[in-house]
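Have a look at the structure below, then the notes.
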């Protein structure tokens, strides 16, 4: 589905509706470029674009079927970029990934969104309000999109961070929960997220270093900033991963302690109860000659002894830390 | 065993049966090349091929005995490639590996299959229906084979992924199973698979970068795609490995919790039963002076006290989370 | 907020109050340079500086909003450096981070502090007392600041080291504490600290190798020293991280041992008490023909047997290491 | 001890006994080279060799004292290579290492064996039956030795593999063994083996790339093959190491499960027995008014109740998975 | 403190006492060089040396305060090297580190020892007995010192190795000790040792590759040997580290097994004792109609049944592996 199709002339959007064929013609003019936005396009929709801009069939295939890893590829006079967008569903503690694929030529930029990808509408509006930037050509659009995608990693990262702190509290709060599953699932999200973000580090570095003539020199410093942001995301994710591994271990220690505490306490109760039971057993024996049995205060005395023994044991167990 | 032997002229298969000696002669003609397919050939079968195409004895040895790690080697005017094919046997949760070894010369391509390697028949049929591609020479055939082999990694990868999810559910379902062995065996499969796939990353990168004149420039971009696919497989496997390590740890936590839960509950039952036993013991003592024994309602009272104590203990243990 | 603004002429501070506009004019003169220090400046405060020194908007944005990872970036004739300062709050076992951002030009150096960053006042005073050094230009100021920041890592590192030793003692002392949470939190601080310090290793190496004309050759050797210091910090942190992982494991072993010791001892008590209870039970049976019951010394004999059995069991358990 | 000393002329061994001094003289002739084999030589035995071939004192020292790590060093016109041989003692599950040190010059090759090194006699015999190869000079001998040493890694590797599978079966068989020590010792062997094999990867790569004029170009492809074999060994060992770490963890899980199973079952028995004990206690109380005691069928009724309760408990515990 | 000060002329030590000022003058002569040895010098003692040899203030600061990481730095015409010496205190299982700092110029070498550094006296004596070597200038002295320091790593390494074997035996011996603390402390020593040794690998490699004109070409091969030795030390330490991590895990498994064995056995005793207690309880009931009670041999029969049941249980528990 073609979502938007526009011609930019000297950094300003040309008025009026533009259809694909107008776009093909007008973008060839000096200083003009076309920006065509699509959402999960079909092969047929892509057909005329492919012929007009001489897009490489492999890139087109990727753009239609998606599910690529982030990458930047150069085909003759075209650069093809795949980005993964990330959004954190806090209720399910799951990172939702979308995909944006971009064809960048001298006088055109094609953007293809798949799945839950952040809408590019705001990016377009922000750019259109800054003709100075748009004058740098499609490279400026590329930067604006990559920048937005990477900026959108931050809330996802923060969401993960908040959940990790929650899980830390769960583990160390002394409560009875065993968040092993939650820790494991968070780790999986962190690994998935990193697989979406890390492969972009190197391409943005190359963009920042100005390996591509298609990107205006002025724009390069901005890619350095994006690259920096990505490294930060990557380092944070690596650190999350390390932390989650440690929490999993610490959780095991906490559970072991807590559960053994319980067993120890119950065993201690059994042990304390066993002592008066034993004494009662003794005075339940049927020997003919048991002088205590005839004592007037034999019974209350024995009860007192039982109580005293229990108290002594209780204090002893308490001191030994068993209760 | 020679499975198929054909001459391609300008991208089209020459009609009629071709035997080896026709192939040797005809492939030398401009624009022609021979594609000879073998299955677990013997030394004798390889003999004339080796002499005719001047194949390096080491490569021939590899092709006959197989069990190589994936690699790409250059011998003067020949490129020798070893691929590992992978097929997932879901019933046994085992990845079955086969081997395809390829000799690539200017005017010939020899393919040797070993073990459970994916049949190349479909590859050949697909190629023969696209003379445009075949015109790029044996390099195009090489790409088609590598592409197929790597594509076939996907279902194996998915099979592993599904089994990992199953094992996650087993661990976290709260059931009584201990899937430690299954986790361990999956990890071994993941390691084996990675040993088959990862060494191909670098050779396909070199093919994509066009280090070999034997591969037509048009075909290079396609190798970039294969390389990308391989990196994705490799990253996914690394991530599986990391996850399986974490599951093994989480499994230990789950088992510890579950088992201690049991022991705790049983101990709690013993503790609750111990209390009325103690009381019964007390009233089983043979003291002459035990006033309660003569009370008319002594017995039901004691029974009531016992029940009440058990109820109190039950509620206390319940609240403490011990039952 | 502008904290201090000074002009240095031939390594000496010019007398009298200098406002921004004096600074702009005077720093252009040969051998002069301006050092303007700010604390969490607003966009407005930065405005004239940006215009006057032609600072890149991205760097300015970073300087105002902070929260960057340490880095060194080159913009045409300006070098932009981000440093993380670290201070260890021993009471909370938390490393507090601040940020210092530096703009370095040929005739100016702008320093921007954020958060808990070490005050630069002492750095300025130390430098002003050494005109020889200041004569090397703003690069000497840069070195002095980086050196101070990195020097300030040492007490933080030592604080962590002391707490790690404390936690080691806790784990191995035989006490009843379970410092899993403390170990985990220390590990998190170590990871955070490393994320603040490690990214500086490479930029200081580049400064030491003299990639930047803005830094006087004489100053380079001093950056080598700073770089060395940073590598030491980084290696120490890596080693802390490894140690903390091991302590977490050792802690689990210690807890397991300690807790099982307890359960074993309590169980042993129950077992010892169970034996006389059984004997008492036997002589509590109501058989008509139990000769022992009529013996004159039956009762004391049985008591003696009970005691003897308990003693034997006690010794046996003791020898088996169960008590 | 000098084991064998021979002169090869145009790929053929010269007849008759050759002593060292003949060898020194004859090897200088065009197309000739000497191959002198030693076993744990003394300093004195090495003396004349060192003077004659101008061997570097450091290499000679290494050759006499051995215990080097595998390496390849270049001294002017001599190449010095250290190899570790490996043999697996299956009865003790220990890899035995030997050492072969080789001095390679233009017209000589000196081989020094230490410890359990594979005898080189077969290598020599195999080579002497292939004059074509020997004509390539001492480099061909070097290849034959390295090839043999690396080939001999395979049975050792397989031996380890078999023992790892055995240990897997031990862990997962459900038996009562705790093979923690065996796993640990296997891991140590794997680490030791890797320290013997891995350092050879890089030197054989250099030999394959033809960095050394002493090695005939024809022989280089053969070193590529050896290099490939070594990488396979190295990757397999890395994978063993990873697997053994996982088995150690899985073993802990298995042991925990098995042992807790036992404790749970015993506790369940105690709990079941406790219930009739309690009931018996109740009817052992001495209350005057206990109507049940006078019932004619009181006793069998109570016994029946006890049995019924035990049966109910047994089924309940069974269902809860506690028995 | 200046420990020794000598002038070497053509490889021979000049007779008679030489004070600093003689040394400054005489070392400038062709073929001469001075070797000045110090122990923990003060700033004042260093003063004239710094001026005379134009030493860089940063290196001088390092030499006085020590606590550097091993490194090699180049200042104009001087090379500055920091070495860590290691000595193993077997009684405390602690590696003691000292520091040797060396200034190497064209005609001088200054050696500064700190802490427990191996005395350099023997090195000096060994060198003075080999004028051939000393003629190669101060570079030969540098090699002799580095060689000695690295050689001294071997006994420390062996000491660690012996203690690791001891700890292995402790873990697997079946005894009751829990060497978790010892394992942890050994790991810390291994990490510390590695931090002292590993940073030297790269500088000695550079010295071996002859990057420094100050080092005579003849001496370079000797640095290759030292470098090799260092890599061996480093690899051994890495392997120790890996092993200690595994021992810590294996120790946990051993402890778990041993402790659970105990608990299981004690529980089994309790279970066995519970059965006769229950039977005794039954015959202690006060039912009027209990025929067994009046049997003449009722009592011995019941005792026999109790014994038989205990025996059966014992055998059953034994077979189940619970006792």
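Letters A, B, C, D and E mark the chains in the order given here, with residues in each chain numbered from 1 onward.
Following the convention adopted for this analysis, contacts are C-beta pairs under 8 Å (C-beta built on N, C-alpha and C of every residue); 3 or more make two chains touch, one makes a residue touch a chain.
Given the structure is predicted, the values throughout are model-derived calculations rather than measurements.
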item: Co-neighbours of chain D and chain A - touch as defined; value: B
item: Gap in Å, rounded to a whole number, between the CA centres of chain B and chain A; value: 25
item: Where chain A and chain E are represented by their mean Cα positions, the distance between them in whole Å; value: 41
item: In chain A, residues with contacts to at least two other chains; value: 249, 252, 256, 260, 263, 267, 270, 274, 277, 281, 284-286, 290
item: Overall pattern in which the protein chains touch one another (line/ring/star/complete/other); value: ring
item: Direction chain E, origin chain C - full chain order round the ring; value: C, E, D, B, A
item: Contacting residues of chain C [partner chain A, same complex]; value: 56, 58, 68-69, 71, 73, 75, 176, 178, 180-181, 183-184, 187-188, 191-192, 195, 244-245, 248-249, 251-252, 255-256, 259-260, 262-263, 265-267, 269-270, 273-274, 276-277, 280-281, 283-286, 290, 292-299, 302-303, 306
item: For the chain A and chain C complex, residues of the former touching the latter; value: 168, 171-172, 221-222, 224-225, 228, 231-232, 235-236, 239, 242-243, 246-247, 249-250, 252-254, 256-257, 260-261, 263-264, 267-268, 270-271, 274-275, 277-278, 281-282, 284-290, 317, 320-322
